[in-house]
Structures are given as structure tokens and as C-alpha cells.
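In the two complexes below, chain A is the common chain; its partner is chain B in one and chain C in the other.
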Partner chain A sequence: MSQVTAETGIPVAGQETIAPSRGLQLLRPLQLAGPFVVALIVGAIVLAASGRDAAGTYWLLLQQSLGGPTEIANTLVAATPVLLTGLATAIAFRSGMFNVGVEGSLYVGAFAAAWAGFTLTRLPGPIVILVAVVLAGLAGAVWALIPGILRAQWRVDEVVTTLMLNYVAILLTSWLVNYFFLAPDIANSMSPLIASDARLAPLLPRSQLTIAFLLALVVTLLYAYLFNRATIGYQLRMTGLNPRFARAVGINLGRSIIVVFLLSGLIGGFAGGLQILGVNYRFIDHFSPGYGFTGIAVALLGRGHPAGILLSALFFGALSNGGAMIQLFSDIPLDLINILQGVVMIFAVIELSRLPACLTRCSGCWRPPRRPRPPSCSPPWVAWSTARVASSISGWNR
Partner chain B sequence: MTEDSRAAGAPNSGASASILAPPRVRIRGLTKRYGGILANDGVDLEIPRGGIHAIVGENGAGKTTLMRALYGLVEPDSGVIELDGVPVRIATPAQAIARGIGMVHQRFELVEQLSALENLALGDLPHRGLMFDRNAAVVRAREIAAQLGTTMDWDRLVAHLTVGARQRLEIMRLLYRDADILIFDEPTSVLTPQEADDLFGVLRRMAGQGKTIIFITHKLREVFAIAEQVTVMRRGRVVASLPTKGSDPQRLATLIVGEQFASPVRATTIPPGKPVLEVDRLSICDDLGNLTLRQASFSIHAGEIVGLAGIEGSGQRELVEALVGLRRPVTGTINLRGRPVVTASVWERRKRGVAYISEDRDAEGACLPASLAENIFSIERDNPTLARGGRLNLAAIARFARSILSRFDVRGGGPQSPARALSGGNLQRLVLGREMQRTPTLLIAAHPTRGVDVRGITFIHQQLAESRAGGAAMLLISEELGELIELSDRLLVIFEGRITANLAAGEATPERLGLLMTGAA
Partner chain C sequence: MGGLVNRQGGIVNIGLEPMMLVGAFTAVVVSAQSGNPFLGVLAATVAGALLGLLFSWSITRLGANEIVAGLGLNLLVLGFFGYLLPTAFKIEGTLLPAGLVGLPKVEIPLVNQIPGLGPILSGHDILTYLSWLSVPLVSVFLYRTPLGIELRATGANEEAARAAGVPTLRLRDFSTVVAGAFSGLAGAQLSLGVVTLFNKQMTGGRGFIALAAFYFGDARPALTALGAVIFGVFEAAGFRLGSSGVPSQLVQMLPYLVVVISLTLVAVRRELRVRERARAAAA
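Here is the complex of A and B:
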């Protein structure tokens, strides 16, 4: 794609040489696969160290996640929410906004959908579904609009606001469900079930694979269209790559920021709403095992590229589905799956910071947003660790 | 020692002296190839100990690559580097520093969050046990400052130092690491004229102390101001190496370009048309809230170039930003063709014919990680053949970009190449082409030739003159007084935020401007 014929190859000061390195480009798929391979090796070491058969475990994991139509369907189900949250996060990241608040949008979106589902019981099913999905998206967008306005109007750091608003969203929905919308005759903190018409019908028997996954694929296509073909996507991309340049050529930064947060929140809200309509059928207090945070990982691993995001969402879906099943058939603890996830992330991030030349060579490649940072510490890692620490405080892996 | 005194006493005899003792640096047959392009093609270079040696050439002539090879940043494909007659292999900057070679890059390599002292000591911290021995560092720092005959606010964070002070700090860092071959890559491109003079003082002093200074530049004035010997590079080869005494700028310019180049044509004076820009009692604050422009009033007519002369930081930047729409003035009005635009956005002004060449090409004028096509498209978003109904027409954008690249002779990449791959001069051609394409009614050109080579400057001047002939009004800001006087129909002088003079083209001389700019007249 990039025909780097630097006139002399004389680099811009402070940069390594920018000689055309076709070799490096051929290596790119390998680089992208690298984190997964290394993670599997480290996982194998951990397994072997705890006296288990690594190859056998992996085989079991593979079988349980991709071994048959039902298994594949369940992997797709598990991938759906993280694909959407990954896209929601990536939209913001590529536009230079470090929105780590997709989890919050997901919660309010989920609650809105559930509310529509158990309140509008007299309407026909398809209409309830439509209303629920629209409400979910709107709720998520409005939720993300708060940090968006703060950032656009008063330059309030969006990392802090979005991260903190996650807890506000989780606790707000918890309060709503516990005090106002508690299902009768149930001890747990759950809302009533949504109308059975309003549930998304399974596409395959004995699975929860619904139209939600197809909708997520459509959103992926729209995401690709946005950044590759749409004028607004071009403006967002330039804003992300160089905000000063964007301003000087007349792009309205404030409007870009608002649009980014609206889109990001919209998709985050969809993620929550579709999860309720297709999987949970009711709002459950603290229901998300960190879909929004896994979305950060998905966006980073996928390098902001639509296909990359889809693949990493499938990977995380397979891990989570296989991991859940593997517990039933062996004594492998779920913690091992978490270790695998963590190791994948660590190596993915190492790749990010070690190969800046690869990421910045062409605009098609994606660069994580720039922000002031301590030396030798890359921004994705900061956000990821903050998100990780924050989520462990709130106990998202219970 | 005897070598030092000889070099200092008779700097121009460097070439003959090299027969007696090996030169400090000798490069033989150095070749470096990037893909299909020879950046250095069998370069031979000898630099005697002590004194200042200039290396000149167009952007992309191979000067920087050669010096980066010497500093261990670039690995040559073939060739030998000798220091004092001994062949050495320099694979990393660390090895270069260990051999006494230091380099000051165009973009400084300092840690902004640390103090000047901490930056100085970084990489070789004096310590007592595990603790940083601050006192030892201070003693060393004072010694070095005294050696240079300059001062430094050691406790200040680098983020708060002026550009000139940062550069001095870079030089001190080299001395701290005991460098005695100091390479400067276009050191004055970021400095104000005053700071540049200070730098020259420091360089002369160091040369007097027996240091070997290699000075990359493309400003001929500087070559004759400080260097004893000059090497001219063209297309990766050394085409001449001669003492500055007995040479002259015209001859050197010919060697650099390889042909006689036409000096910029002073367009014949056309009577100016209607006023395009009218600024009335404009006052502007900078980011810190200081009033940096006070009650400025002036106008620019169609077909007129108005030059703005002033010491850097006199309020020019804020004025430019207010005119373009990047900064909201405190009071005053700006009228564009009779209509007020003070509250109009950048985009609204651009649609009304405002074009803008930023002084900060890398950070504001262009988007380095984006492709050339994307850079060009940035202000063509309302062009219906390139984008319609919110959809980009990628093929049309690439075609459009290609036409601009060829019209403005931008070399070094196609529409899909990243802007980062272009040299400074070519990137400026791209910016110029992008802005000129729309035949602006008002062009704000801030330092349009900064960091551009001789041929590029001529081209840019021609373009500006053509645009003026086409009826554009232009505000030209430059630190090159010669350029201002040559191109401008009228000159404004700004001093401490006030417009203190308004001269017709004939009345302006460098001397007079210099006095006005410093508030002496």
C-alpha cells in the first residue's frame, strides 16, 4: 500500500531510517500473530509447571470453542459483545480520544433495552426489539456525551471522566434495578424478564446465536466504511493523527470530539442492549464481566483495523467460551484462561511500543492516540493497566 | 597541542597540514544506499583538527546521511571512517560518543520534564553510592558553562527553556561527555537571528579551544560568517571542498545547485486593488494570557504583498493565528473583503479564500503520518469531485493529488506515500501547492522558505509572486530580511506587540529594519 520511495531515505531527524523495508511488511501477519503464539507458549509453561498436560488442554480448549457447530455458535455469541465494545473503543482511539468508558455505555444501554423489554409488553415483538435497540444505543450515546462535552468544552481529560463514569453507570443501574425494577419473588438483584416476543430468536438450535452477531458484523462493515470512505471518518482520523493540523485545515475539533463520543457510546449501548435481548433476557446487577474493558484489548490487538478487531474479538470469544466449557470437563481452573488473556495483551502491547515505525509508516496503519506520558511507558499499556486494576477493584472477573 | 595551535593560527592551511599529520576525521569512499537511491555515493571527506567546517547542499544532497554515518546512526554499505588516521567502526551513537564524536540534531533530544542540570548529567550520572551526586554535577555544569562563556538556568525544567537555551544545553551535554568533534545539523533553522549570533559566538569559542566543529547548513550567509572550510555536496557526492576565503556566495550557490539559477524575479509593481484584509485595533492574548498584540491596525490590498518584520515572539504568531481563525482576539475587528470574520471559524474563512502556510510545517502545516493525498485533500473537503454526500472519491483524490505533486514538483513519493517520507523542502512544496491550488484571495505565509534549499526558495518565491500577480493579497512573515525586502510591496514592523512602522518597498533597508525591529528607531 505504501510505496515508500523516500527521495534519499534521509530521515526526518529523530526518526530511524525510513528505508523501504518490504521484508518488514511481509512479516506483518507474523507480527500480528506473535502475541497469540507467545501467549500459548507461556500458557503451556504454566500448565506444565502445574503438572497438567498442556497439549491436551489446548486440544480440549480448541474442541470446546471450535469443535462443532454448537461450539462455534457459542464462540460467536461470546464474541458479539466484545466485538461491539472493541469497535466502540477503536472509533474513539483512532480519533485520538482515549475513551475507556464503553463499559458504562454498555450498562446504561443494557438497562434501557431491558426496561423497554419488560415495560412495553403490549407491543408486538419486532417493534419492542426495535425500540429496545434504539433506546439502548441512545442511552449509551447520551452517557458518552457527558465526557465528550466536558472534553470538547473545557478540555477535561477524558481518561479520568470515562473511567470514573463507568462506576457511576454500574452503580446507577444497580440502584435502579434494586430499588425500582426488582423482579418479584427473586432474591437476586435482577429486573423482570423481558417479554418473550422481545427476545432475539436463536439462529441455530441449542445455541444463543442470534441476529445480534450479524448486526455486530454490520457495525464492523460500517466502521470500515467510516474510516476508509466517509468524509467525516477522514476528519476524525486527521484529528486523531494530528489535532493541530486538523484545526489549521479547518476541521472543527469540538464537533469531532462530540461525534466520536456519540458514535462510541452508541455502539457501546448496542452491545449492552443486544446482550440483554439475545442472551440474558433481563437486566442483572453487575452483569458484565468487563465486556467494555475487554473491548480495549480487542481494539488494541486489532490495531484499529476492522478485520483485526473482528479476529481478536473472535479470539477472546473463543477463549471465554472454551474456558467456560473446559471447567466442566477438566480440573483446569478458569484462572488459566485469564492468564492466557493477560499474556496475549502483554505481548500485543510490547509489539505496539517496539515497532513504532511499522505503525506510523502509513496512515492505513493505526497509531494509538498520543498523550503526555511518562518515558518508557506506552499509552495503551497505561490505559490497559488502569482499566485492569480498576476492573479488579470492582471485581469484574468474579 | 601543536596541531591545535597550528589549526587555530592558520585555519586555512588545513589541507596542507593534513600531509604532516593525519586529519581528525577522514572519510573514504563512503556509500549508503536506500532502496534504489544512493544517499551517499563514494564520499571522500577530510576534516582537520580544530576549526569550523561547513557542509552545504540542497535538501536531500546527502549531508545528513553522511553525518549520521559518522555518528553511528546509519550503517554505511561501504567505505572507511578514520579518526586521526586510524580506521574505526562506529556502529552506534554510544560508540561515537566514546570516541569523542557528538551530534546536535535538528530536533533536540532532551527530556522536557527534567531540569537542565538533570538533562546535562543524563547518561553519565555522577553518583555517591546509589544517590545522584547533585553537587558534583553542578560543579561540572558550571565549568562547562564557563568554558563556553555562556550561562544556563540549571534548575529550570527544559520544557520552560527557550529554543536557544535548549540548543546550548545540547552543546553542553556533548562537552559533558567530552566530545571534541561536534556535528551540528542545521542548528540555526530553529533560532532567532539573535540566538544564531550567540550560537556563532559559542562555536568560535569552541573552535578556538581546539574542538573540531562540523556544521551542516544551507544558508550561505552562515558559511561565510563562521566556517573556514566548506564542503559542497550534490546528489550524494562531494562536488567541492574549498576554503571560504577567496570564494563567494554566488560561486557556492552555483556549486550547490549545479547550474546557474535565476535569482527571484521582482515582479513589476502593479497598482494594488481593493482592500482584501482590514484589521482594526486588534489586540490578542497568548496562551498564558499576556497581551502579545496591542491595537494593531493595517490593511492589505488585492495584488499586494505586505511583509511583517520583527524579532521572533513580538506577536506575529498570535496575529497569524487570529487572522486564520485559530485564536480569538480580545478586541478589534478583522474584515475580509468588507465582511467581518472575527468570529468566523477556520473553515468558513478558508471557504472565503484564506490560505495559510504555517511556520510549523511538521506539526501544523502537514500531517506527517497521513499520506500525501490525504494531506492535499485536507482543505478540498468541499470539492464536489473529490467528496460528495459525505463520501470520499478515493480515485479522484489520488488523481487530484498526483496533479498537484507534478505541478509543484514534489519529489520523493506518490499520493499514497506518507508525508513523513518527504524532505523538508518537498513537504513545503506540497503545502504550498495545496494552498495555492485554490487561488486564494488572502494568503498568510509564515516563514514559507524556512528550512528550504536554494532551488526550493526560488520556486516558492516565484509562486508567491505569481499568486500576487493573480490578485491575491498576501501577508508574508519571515526572519530573512532580504526575502522580505525583495518580495514585499510594503513592510510593517512589529515590536513588542505593536506595529511601529509602515514602510514602502523603496524605503526599507536591512539596516533600517534592524533598528526598527529592535526598537532602536
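Here is the complex of A and C:
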């Protein structure tokens, strides 16, 4: 488990007690911004290769996402679900649980909220909202509990189960909507609209910026409190860092795992519910453009730190909002955003610092003792030629 | 089969889907350019293998988590084709270049005369036969060759295998390259054999179904092939059941549920064994 946490690159307890050298401290922001910069460079190459003005596109993207109050409000709206899913994912990652199933919690949460919204039309609006949000959280938590129990009870690999349950949740809600809760006189797979006074009121005119974003900020603060101050948070961090140590000091591992999945699913459910109450106003089959998966990228890019998660959620919010806008104004497809996101995810988990070593000395690579062959990190010819060049320059290749 | 080799080498490969897509795309483009579908198939295999190699390096050499890197690859490749098709080919959705030649169907003489079995066994493209052939081949490779045994050792316990002098990192790379090549072939079969076009949704979760198949088969070749056939039947049946009342969503859900359930069963069995041993040790 501790290994998994190390792989995500999210700092866990213990690393903080060792003060990094000054040089490392200077490098850290660079390292954090690394995936982001790489993604923008890849995006620029793709744009340039298709004959587009990359700088101009990025400028337009910036203007459309941060250029004025309405644009900023829309960016915040787009950032809300991914901030929540990012926090949900990060809670699990920091506790050593690899929950990639937030997308599933989001779907069942969204469905629960929508159900409350279009069924309880007699009740006054604020009560419906409250019930819907609570139901959404509960549904998400219960959904996440399935892999949680499997993990705690029988050590079933949570990575694969959570991933698979995402698709089960998407198909399950799709089935429910299409067979039981289809809106009358609409051909598309949508539920009826939620009661109009159950909608979250906009904070700014002409925008969908609602209290949902503020709630997401509150959850961010709670997340910070959980891992920095609360006893449970400390126990969870210990579980993530070193399960054997955690057990030795009397932490109940099974309970920790259950708590982690409950919290993670709860927040994932909120993300779905608030999206329905504040933006969509109804459940739509396959409505999420991968908020849960973006949440993984957000958690990784933010390295599990609350401020980092907030910043990267805003970054992805700006991207998707700006991306949608430039798709309207130019013929640049929204898929560009997917490319950027995929690159961020891959480069957030790659340890870039290992790359130069790999290309020159193969320090990270292991050589079989029985068969003396050229060290193979890269294909033999690359290793051979780089070694030749390196040694001919300064002889620093051993 | 590709995913199986990979799994035996100790990597859960959720990048099969993008590798299939890349294979399908390469097959269509190369086949259309050259007019020769077999060149397309070859190119698809190479493209899949190359992507597999890159993916593998990021995991084995650069310490990336296989699931996150795999999800990233899924997004990246989907986004890439979503971007490429409208911008470079000026089309939305389906790529159908002029001069595209599909794979010829192979009619096996004599066999296609057998009533009943004839149309099942004969009249497929060559890749379908290759996929059937791959089951015994992979089986022999994994269980009867030194390389295959080393690969399984790597998957079972990497540290131990390394200590015994097995080049584990290179073997894992090799297994991912094989997975990539097979996925590329699978993609080519879809885009040149089943239909003759390219569409970014054409793989439709087949990479994940492959995952389900080898979880179902506990990563053993014959059982995995059986799982693949069962899922294939479900898929074909899903189209028909859809009109007869059974919701298609529930049918589509099956492979994913199978993965969860078979993982659970394997884990429960393992845990029970561990507990029994602990009890025996205590007694």
C-alpha cells in the first residue's frame, strides 16, 4: 500500500519530517508545474502541426476563461465538480487507497439528487435541496462502500474493482433513466426536470455560479483540516504511509479503509448531486464528461495538497470552459482538452527525474548478472550511442 | 490474448483500448495508401507494439502507476483522434478513405461444405483464424518455453524472479509490446475485417472486455479464450435481446461485473487459504 502511495507522488506523512535540501526546495515548484508545462507544449505542437496559431489559441483560451466576470464565473462553475472529485480521489490516495471509482459515485449521487428533485415536488425548495444533497452523498458513499468492503474484508484489489464499478454505475443509471424515469415527450434519455424551486439560485446574474462552488471550497477546507489537524486524518495518513506501522500503533486498518471509501464516495456523490441541482436540473444518460477521471488528474497534479488541488481544479475548469468557448468561435475541437488532460495524467505519475539517468547511465535499470549485455534502458543502440557520446565528452559515464 | 501475456508479466494493462484504436487507424490509413490490406495489418501491429513499448517504459523505467498512465493514455488517444479527424481529414466521426481495401474472406475448401458448421468455421478474414491460432501458441509459449516461464515468474513475484537472475524489467516491457502488437492486430481486424472504416468509437469497450476475459479465465489461455467467446456471444445476443425486452445496459454491464466478481472469488479463496494456514500454524 505504501508503495502505491509512493507511486502517485503524493506526499504522505513522514516525508515532511525530513527537511529537503535547499536545492530540492527550489526545484519543487518546477517539479509540480512539470506535467502542466509538458501538456501545454504537447498541445502547442498538436495545434502547430494542424496549421493553427498555438499562441493565439492559448491567448483566446485565456481570454475566454478569465477575461471578465462572466468568464471567471463560468470557469468556477466548471471547476466545481472536478474540485470535488479531485478531493474525493485525493482522500483515498493519501490514505494509500487507489480509488479510481469516483466517477461511479458521481453518477449514483447525481441520479439520487435528480430523483429527489423530480419526485418530492410538494415539499418547499430548501428542504428538497437538503434532502437531495444528503441522498446524493449517501448514494455515492454506499457505492464506494462496495469496493471498500471487498478491500477491507478480503483484500480484493481496489484499483480494478473501482474502475470497473464506474462503468457499472454509468450503465445502471442509464438503465434506470431509460426504463423507469424517462421524461415525457422527450426522445433523448433524460429524466424529468427537477422542481424549479429546488434549483440552486445563481449568485451572479447570467451565470450558473451557485452556492455549490462555495460548498466545494468548504469541503476543501475540511479536507485540509482532516489531514493536518484531525486524529482520523493522521490515522489515515499513517495507513497510507506504512500499514504495518499503523497496525503496530493500534490503528484498525479495516476501519480506516472503510472510512476512506465512505468519505471518498460521499464527496463524489456530492459532486454529482450539486451538478444536477446547480447546472443540469435533470439526470441525463451519460451526462458526465469524465468528471471523476479529471478528478484523478486534479488530485495527482495537486499532489494531494489542498491548495494544489484547488489550483489544478481551477486550471481544468478554465480549460474545459475556455475549450468549450473556442469550439464555438473557431473550428478547434474540444478534444484538444482531452489531449492535454491525458498528457497531464501520464506525466504526473512519471518520475521525470529518472529520465536523464535512464538515458545516460541506466542507473534506474537493472542488469542481469548472468548475461552480460549492454545496459538496456532504452534500446541497446541508443544506450550505446549516448554512452559513447557521454564518455567521449567528459568521461562521466563511470 | 495480448492482455493475458501482459497480465502474466505482472502489468494490468488498461491501455489495450487505445492500442486497438491506434491499430485500427493505422490499418485503415496504410491500407488505403498502399492498396494492400496486409501492409495495413503489418503497420497496425508495429504501431500497437510501439505504443505498447512507450507505455511500458513509462511504467517500468519511470515509475508511473499503470492504472493512471493507462487512463491517461485512453484520454490522450481518444482526444487525439477526436482532434485529428475533423482537422486533418475534415470529417466528423467516420473515416472512409478512397481506395480502402478490406481483408479478403478466406473460404476453406471442404470445411465450408459441412452443413451447419461450414459458415461458422469458414469465410472469415485471416486475422480471425490467426486469433484462434494464437490461443495454443500463447499457451505453449507461456508454459513450455524458458522465456514464458521466466515471464510468469516475473508476474508472480518480481523480486524473487529478479533475485533468480531473470531480467524482469525487460520481460515486462516485452509482455507489454506483445500486448500492444496483439491489440494492434485486433484493431486492424475491426477496421479491415469486420467493417472497412475507422471511427473513434469503434472499439466500444472491447479493450475492457478483453480485461474481463482474462480475469474470467484467471489469465490462462484456454479459459480466457472461452471467456472471450462467451462475451462475444453476449455482445451479439445483446443486440437481439435489446428488442426483446432485456435492457441492453444490463447486458453491457456483464463483463464489468464479471471482473469484479471473479477478482472477489480469487481473493476470498486466497484469504481463506492464508487464514487456514495461520490457524494450522497456531495449533
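Heads up, the rule we're going with is that the second predicted complex is superposed on the first by the 330 of 398 C-alpha atoms of A that agree within 3 Å, B and C clash if a C-alpha of one lies under 4 Å from a C-alpha of the other, contacts with A are read in each partner's own complex, and residues count from 1 in each chain.
The working rule: a residue touches a chain if its C-beta (ideal position, glycine included) is under 8 Å from a C-beta of that chain, and two chains touch if they have at least 3 such contacts.
As the structure is a prediction and not an experimental result, all values here were calculated from the model.
Using the contact criterion defined above for the overlaid structures, shared-chain residue A:G67 touches neither chain B nor chain C, since it reaches no partner. Of the two partner chains placed around the shared chain by superposition, chain C is the only one that A:L150 touches, whereas chain B remains out of contact. Legend: residue contacts after superposition of the two complexes on their common chain; A:G125 is shown touching neither chain B nor chain C. Once the two complexes are laid over each other on the shared chain, residue contacts for A:F245 go to chain B alone; chain C is not touched. Of the two partner chains, chain B is the only one that A:Y234 touches; chain C does not reach it.
Judged by the number of chain A residues each one touches, C leads among chain B and chain C.
In the overlay built on the shared chain, the residue A:P289 is in contact with neither chain B nor chain C. The intersection of chain A residues touching chain B with those touching chain C, taken from the two complexes, comprises 4, 7-8, 367.
The touching residues of chain A, counted against chain C in their complex, run 4, 7-8, 46, 50, 52, 98, 100, 150, 154-157, 159-161, 163-165, 167-168, 171-172, 174-175, 178-179, 290, 293, 296-297, 300, 331-346, 348-352, 354-355, 358, 364-371, 376-377.
Residues 12, 14, 58, 61-65, 67-69, 71-84, 86-88, 162, 165-170, 205, 208, 212, 215, 247, 249-250, 252-253, 256-257, 259-260, 263-264, 267-268, 270-271 of chain C are the ones touching chain A in the complex. Note for the complex: chain B touches chain A at residues 34-37, 39, 60, 62, 64-65, 74, 105-107, 109, 111, 113, 185, 236, 324-326, 345-347, 349-350, 356, 358, 360, 362-371, 374, 377-379, 381, 387, 390-392, 394, 411-414, 416-418, 420-423, 426. Residues 1-15, 17-20, 229-232, 234-235, 237-238, 241-242, 244-252, 360-363, 367, 375 of chain A are the ones that touch chain B when the two sit in their complex.
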